[in-house]
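One chain, chain A, links the two complexes that follow: it is found with chain B in the first and with chain C in the second.
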Partner chain A sequence: MSIIKVEKLSKTFKVKLKEKGLKGSLKSIFKPRYKTINAVKNISFEVEKGEIIAFIGPNGAGKSTTIKMLTGILYPNSGNIKVLDIDPKTERKKLAYQIGTVFGQKEQLWTHLTPYDNFKFFGAIYDIPESRVEKKIEEFKELFELEEFINTPVRNLSLGQRIRCEIVASLIHEPKVLFLDEPTIGLDPVVKENIRTLIKIMNKEYKTTIFLTSHDIGDIEKLCKRVIIINNGKIVLDDSMENLKYHYLNKKIVEAKMKEKVNLDDEDGITILKDKGYNLKIEVDITKKSVSDAIKLLNPDNIIDINISNTPLEDIISNIYKEEKK
Partner chain B sequence: MLMEVKNQFKITLLSVKYALVREMLNKTTFITNILFMILNNASFIIQWIVLYSLKDNIGGYTFNQVLLLWGIAASTYGFSHFFFKNAYYLSDTINNGKLDSFLVQPKNVLLSAITNSVETSAIGDFIYGYIMLFIFGFSIKNFILFTFFTICGGFILTSISVILSSLSFWFNKSDIIVDTGNSLMTSLATYPDGIFKGIVKILIYTLIPAGIVNYIPVEIMTEFNINLFLIVIIFTITLISLAFLIFYKGLKRYSSSNLMVARI
Partner chain C sequence: MRKYLFIFKSELMSTLQYVFNIAAGFIGCFILLFIFLNLWQYIYSNPSEIINGYTMNQMIWYIIITEILWGISSGKKICVKISNDIKGGNIAYNLNKPYNYILYSLFSHLGSAFVKAIIYTILGMIVGFMFLGSFPNLNILSIIAVILTSVLSTIISALLVSFIGLFSFIIEDSTPFYWLYSKLILIVGTIFPIEYFPSIIQPILKLSPVYVVCYGPAKLFVDFSLNNFITVFISQIIYIGIGFGLCTLLYKKGVKNLNVNGG
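On to the complex of A and B.
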């Protein structure tokens, strides 16, 4: 069953153009010129119940605009959206009871209140009876390890603790879909891992569908089974993580420590990435040459140590971004 | 529907309560803010004492009526700025895309956005208003009428600010219009009605309705008039409806932003 259904969605923004200097400012008063920016162009996709989906793209690709249309913050110019069979455009309030949102860059909590008071406030916003909110807080306190700081004002929390509370606050009303817009922005690796665990627990325990945007490849790799890549307002890839890796991982990185120097300059299917005499790093295009052939060229007897790895996902994704640019 | 209104009311009060708690974190600043506002307002009365020592009647008002006028002006300002402080910063909220967090909540966006913080010094204005009422002449009837006009006037001031701020959905830099409109409402509120003639007189009962917020209440409290009373009620309801209508109309044009924002 599709939880999110998007059909031919578009959004344009009108931006006033201004020539430089005072003269330009005066001119723009009497003769304003506008530029239309197509932030999202005719995109369509569906998200199934219980999925953790990564919605990624470079800055200005249209990710946030799309997420804002899905949550009812922005009005689309054309197209249809159904989230849990609700149209965010016409039934914003009804939808709000069913979804949760966390914007990593925007804070929703009252900073002078403790997480506990904040959770109670959010409970009231969603019209949840106080006894149920208390029960929910108890449950989350244990599940997400909030005990240590649940009674400390939010302004005194670390960024990681704060983001954790932001996510928990958005779960008080047990949303069926959670929209996370860069939830791990600015966090250290340990805290990022904590947040990812939290997201996994939510998905597993509460069967929450998760719609995630992030620039952090680790988030995407560790959490999502499906990726939608958006660039210049258009969807350029909508595939499973497995397929993405399978199709784009036709290159292997071979790093070898050699006894003697080897010359691979004119070999077809091999690109030399680094050649420091006895230390060699090459990229093997397995559509042209198998890894074993490449190793044969190096001469196995000549190898002291070898490491074969995949192209990092980060490189794959930036290549997709770049291809689109071309 | 009734339940929805009740829940909305509960959230609005809770929001105001938490915003007040925030202001009270620093007790000294909190109390001095209130006291200095009362003193600040009191200082304006001195010029009227001097004027009334020379003349008994200025612009059709006795000294007592001027006190009442100041009382109503202060309490309506206090009521509006205390409960709806963010109505006066709404154009900034719209321009900088700060409505996002309210739009994802299942509550009225406008009310959530404007009740998100309180102005401490407005408590001083509010208290000052009631001190003036006591000096004017306390009675249960006067107290009820004064409170009623404070609420109506507060709603009118807030609505005007919301309407002007909502222009931000259409034009950039409408904050200048908002500031001008709001300051006109306060600066035209504290002079005897009789000194205004011609166009200004028409304006204060229409576009800049300082007359409806301040002068009609003084007139009703001096001598009750049902017609004038109804005008205040109808005007208040109309303006509130208009504020909601224009804000929600504009909201469709809201363009959000990706600025880093914290709720502090």
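On to the complex of A and C.
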């Protein structure tokens, strides 16, 4: 069952142009000029119930604009959106009760209040009865380990603790879909892991559909089974993570420590990434050459240690971004 | 309604962190009162003399009340916040919350105004009593009338400054309009009662925000009459209706054309 349906969605922005210098500044007062930017161009996709989907792309690709249209913040210029069968454009308020949003770079908590008071506030905003809010707070306190700082003013919390509270605040009304826009931005690796665990719990325990945007490949790799890549306002890839990792770029990285120096040259299917005499790193395109053939070239008797790995997801995604740019 | 009471309560709790800052803010108010006390004592050669319908004591209490009201309801914070929310795109993040942004801003303003109201009223009454040695003749009805019209005055002021803040949808920075508004209230309504202006201007002033924001409640405090109360009360209700309508209209028009920087 599709929770989110997007059909031929487009959004344009009008941006004021200014010529350089003082003359340009004066000219823009009396004769302003505008440029139209096509932020999102005719995109379509669907998201199933209970999915954790990564919606990624380079800066300015159109991902935040898309999220804002899905949540009713921005009006599209054309196309149709249905989130839980609700049109965000015409029924924004109705939709607000069904979805949660966390924008990593925007604070929604009251900084002078404690997380507890904030959760009570959000409960009231979403018209949740007081007793149910108390129950939810107790539940989340245990599940997300908030006990230690639930009565500390938000302004005194660490960034990681604050983001954790931001996510809990957006869950108080038990949304069916949660939109997370770069939830782990600026966090250290331990806290990132913590937040990812929290997102997994939400998805598993409450069957919440998660729509995630992030520049952190770790978030995508560890959380999502499906990825949509948007670039220049267009969807350039919509596939499962498995396909993306293993089929989109059929390349393996072979790192070997040798007894003796090997003189290896680039050939069809093999690219030398690093050659430090006894330490070698090569990339094997398995559509052209098998890994065993590549190892034979190195002479197996000459190998002390070997490590074969997939191309890092980060490289795969960067390549997709770059290919689109070309 | 429960959600708006929670917004009021949350802002009240936040503002309570700054009680001493608010009390310190009264110093400016005190200096102004001290200057005007001396000025009016100089103008009134005889304390029982009546100028434009006011005795010296009434005149000084008038200024104390209007200063307290302006201290409570000036609303610069709400105007700047709305203007910055629009300019910086933060207003967008309020759109997908199930509340009315205008009411959210209004109740949030009332939360902080409530703390200020208590502190400024206590300090203002102490200062007035120290300077003049007595209070005007008040009864339960007049006290209720003054409190009620003061609350409505705070609401009107919040709506008017919200409207000014919302102008940022049209022009980049609306704070110069706030400056004009605040000076209008300060000079025309706070320092001098309407009766001090030429009779040709008085009907215009009675239709202006000055009448409902500061003159009305202060006049009831120094010279209460039921007729005056009814006139002030009805005018305030009309102002609230119009103010809320204009804010809603401007807000709805603004968010429709909203562009959010950075996506």
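Assume the second predicted complex is superposed on the first by the 324 of 326 C-alpha atoms of A that agree within 3 Å, B and C clash if a C-alpha of one lies under 4 Å from a C-alpha of the other, contacts with A are read in each partner's own complex, and residues count from 1 in each chain.
Here is the rule we go by: a residue touches a chain if its C-beta (ideal position, glycine included) is under 8 Å from a C-beta of that chain, and two chains touch if they have at least 3 such contacts.
This structure is a prediction, so every number in the text was calculated from the model and none was measured.
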(message) Under the stated touch criterion, which partner chain does A:16 make contact with: chain B (first), chain C (second), both, or neither?
(response) first
First (chain B), second (chain C), both or neither touched by A:109: first
Kindly classify A:136 by the partners it touches after superposition: chain B alone (first), chain C alone (second), both, or neither? neither
Task: Pick one for A:62: touches chain B only (first), chain C only (second), both, or neither.
output: second
Item to complete: Would you check which partner chain A:176 touches, where first means chain B only, second means chain C only, and both and neither mean what they say?
Response: neither
Contacts of chain A common to chain B and chain C in the A-superposed view 13, 64, 68, 71-75, 92-93, 96-97, 99, 101, 103, 106, 108, 110, 112-113, 117, 121, 124-127
Residue set of chain A touching chain C in the complex reads 13-15, 39, 60, 62-65, 68, 71-75, 92-93, 95-97, 99, 101, 103, 106, 108, 110, 112-113, 117, 120-121, 124-127
The residues of chain C that touch chain A in their complex are 2-3, 5-7, 10, 13-14, 17, 90, 92-93, 95-99, 256, 258-260, 262-263
In their shared complex, chain B is touched by residues of chain A numbered 13, 16, 64, 68, 71-75, 92-94, 96-97, 99, 101, 103, 105-113, 117, 121, 124-127, 155
In the complex, the residues of chain B that touch chain A are 7, 10-11, 14, 18, 21-22, 25, 99-101, 103-107, 172, 252-256, 258-264
